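Paired with chain B in one complex and with chain C in the other, chain A is shared by the two complexes that follow.
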Partner chain A sequence: MTTINVNVVDFSEFPGPRYEQHGPNSGERFRREVLLEAISKKPEKIIVNLDGVLGYGSSFLEEAFGGLIRDGVQSEVALEIANNLISEIDPSLKIEITEYIKEAIEHRNKNARNS
Partner chain B sequence: MKKLRKDKLRFIIRAAEKRATRNSRKASKGKRRSTNTAIARSTDTTRIIAPGKIDIYSPKAAVQFLQFLNHFRIKARYNKSIQICFRNTSRITAAACLLLYAETDRLLRHLPGLKISCTLPPMSPGGKHNNQEYIVESALKQIGFFTLIGQRTRQIRNYSSVAFWRQLSGSMADGSLTASLFNSLPKELNAYARSKLYRGTFEAMANCVEHAHPAPRKDGLNIQDKRWWMFVGIKDDSLAILVCDLGVGIPNTIRNHDKDVLSRIASTIGLKNDTDADLIHASTFVKRTRTELGHRGKGGPDLRSIVETFPSALLSIRSNMGRYVLKGKDHRSKAHRNEKQNYIAGTDKREWKSNISESILGTIVEWNLSIKDMKK
Partner chain C sequence: MPETPNPEELIKWVGWLLSLVLGLIGIGVTFSVLYIRIRHAEKLAQRKERHDAIDNALRLLTDFEDKSLDYWTAKDSKYTKAHIITAQQRLSFSIKQLSRITASNFPDKEMAEIRKSATLDMETKRRPISANSERILRLSISTSKMQNLSLFAKNGKS
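Up next is the complex of A and B:
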């Protein structure tokens, strides 16, 4: 069974804003360089460890994880990543990220119905 | 000509001296008036008197201080050399101190050749025993005001009330910049508390970068300065964190871009008016922002989250003419006596809002927390 372990702290100790244009270590870059890269290897499991950084702004989390759906990642894959998250310092992050993914799925479905 | 009498000579000379002083004062007054109205920037040094209280916590002091800042900007526009006279200043508070620093920093960066100097504030009563102390001078020195204007400072005592005042600024939402401030926090603070503080302060900083500058600030200077200024102050058990920007202000951002969302929030929280304070209150619930994209924003609730996590915390958002306050259930502070009528219904006096007659022309988000509370 192939598992990819991702430690956010290896990306940065100071997670940044939503987009790279607004500051370094953005959620956009984390998604593209780390999460999508890991997903492209098609492992059976991706475990993202959120601990070890100073903290997260909600825009980083929304763009990194909710953005997966906007980038065309399958809902099940994104929800599975959320399900395997490790966040011992702040367990509420897991719920928050799951909500972002679900909102993005809802938004995508709504757009699909309208088009 | 009247003959001078030797015995009266002393009085005559004194009267002549007084007359000369009066005439000289009158002449210099006229000269100052004429430089005020000049369109070209004068190279003469013009003087402005800082108010007795550099403070925006009390509504009355806030109006006086903001009028002074307005005057300061006008002087900077038309003169190349300004001297701020602090002779009357006996009190300085964190938010106003940060605002003064930010305004000065902005003017110096964008008005070429501008020189700012200042006279030193006098001693004022302070400390436990109301001793005479150089508290205002110490505070200005501590946040780097004298370094900013390039004025040499003298050695003075480091007063405990301002000893841990730190400020920094930046133009990007870069969390690593806050490292030095977070490192100055007590080591006993656990990782959870630090992460909550980081979340709130980072989102405030990101909001400055993303949303504060869709148009030039309405001060007539036509300056685009997208920086934010942050302040951390520790005194005994209290921690204050402030983030300031000199942008268009939250009310303008909300008025221009969030009409649908705003009307939905207004009906949820029972908003009846659209004063600056009402719109700031609404903004703390806004998840969607000016881009009209569903996934943008989400920063407003982050500002509230610190208070929801720490019961002794207080959040105060000042933007343009409005102020909105949210306090945790254990926080002791009350609305200022002029603000009592503005408690928000259904909040058990934990939230209030008010407006003043002058605008800060920007936004200051401030949290006050008990360090003890964050060690739990």
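Up next is the complex of A and C:
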């Protein structure tokens, strides 16, 4: 079974804003350079460890994980990543990320119905 | 024919036996009292640890709320995004400690709501915002909800 382990702390100890244009270590860059890169290798499991950084802003979380859906990643894949998240220090991150992914899925489905 | 015990000897033996029994009872009572006192001291120490953890978490919750409100509503806030996120991280850590001490669940929904109301789009949204705005209302409600959780309740028994 192929598993890719992602430690956010390896990306940055200081996760930044939503977009790269607003500052370094953005959620946008984390999604593109780390998450989408990992997904493209089609592993059976991706485990993202959120511990070890100095804290997260919600914008980073929304853009990094909710953005997966906007980038066309399958709902099941994104939800599976949320399900496998590790967050010992702050378990609320898992709830929040799952919420963002579900909202993005809902938004995508709504757009698909309207078009 | 069996020898009749000397009454003086008998009284002496009964006296010894009584002393022995009373001595054993005394030792038993001493150990019981000691055990109760140790248990009581342990309970007091646990209660103090719990109350200290509650005080610390409440202090950090207030600190987080104050900084967030200032960040969003003050014209020239001295607080930056880093201050808010660090305050949130400290709060989260202290509540995690409190949850461990009280063997309670971490209030993850409440914490997620608090972070979301304070930090979502904090780099891009226009500031200052009105104290009556939806974000400020959400922030106040979410911190109040957190504060009202049974996790933060102090009582004399526990």
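In the analysis below, the second predicted complex is superposed on the first by the 115 of 115 C-alpha atoms of A that agree within 3 Å, B and C clash if a C-alpha of one lies under 4 Å from a C-alpha of the other, contacts with A are read in each partner's own complex, and residues count from 1 in each chain.
Just so we're on the same page, a residue touches a chain if its C-beta (ideal position, glycine included) is under 8 Å from a C-beta of that chain, and two chains touch if they have at least 3 such contacts.
Here the structure is a predicted model, which means the values were calculated and not measured.
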Fit or clash between chain C and chain B when superposed on chain A: clash
Contacts of A:99 with chain B and chain C, given as first, second, both or neither: second
Partner chain(s) touched by A:90 [first = chain B, second = chain C, both, neither]: both
A:55 touches, of chain B and chain C: first, second, both or neither? both
Which of chain B and chain C A:17 touches, first, second, both or neither: both
Contacts of A:25 with chain B and chain C, given as first, second, both or neither: first
Partner chain in contact with A:45 - chain B first, chain C second, else both or neither: neither
Residue contacts with chain A in the superposition, chain B compared against chain C: B
First, second, both or neither for A:66, with chain B first and chain C second: first
Which superposed partner A:107 touches (first chain B, second chain C, both, neither): first
Where chain C runs into chain B (options 3-11, 21-29, 39-47 or 75-83): 75-83
On chain A, positions contacted by chain B and by chain C: 14, 17-18, 22-23, 54-59, 62, 89-90
Residues on chain B engaged by chain A in the complex (per definition of touch): 172-176, 178-179, 182, 191-192, 194-199, 202-203, 206, 209-210, 294-299, 301-302
Partner chain B, residues of chain A touching it in the complex: 12-18, 22-25, 51, 53-59, 62-63, 66-67, 70, 89-90, 103-104, 107
Contact footprint of chain C on chain A as seen in their complex: 14, 17-19, 22-23, 54-59, 62, 89-96, 99
Sites on chain C touched by chain A in the complex: 81-82, 84-86, 88-89, 92-93, 96, 106-112, 115-116, 118-124
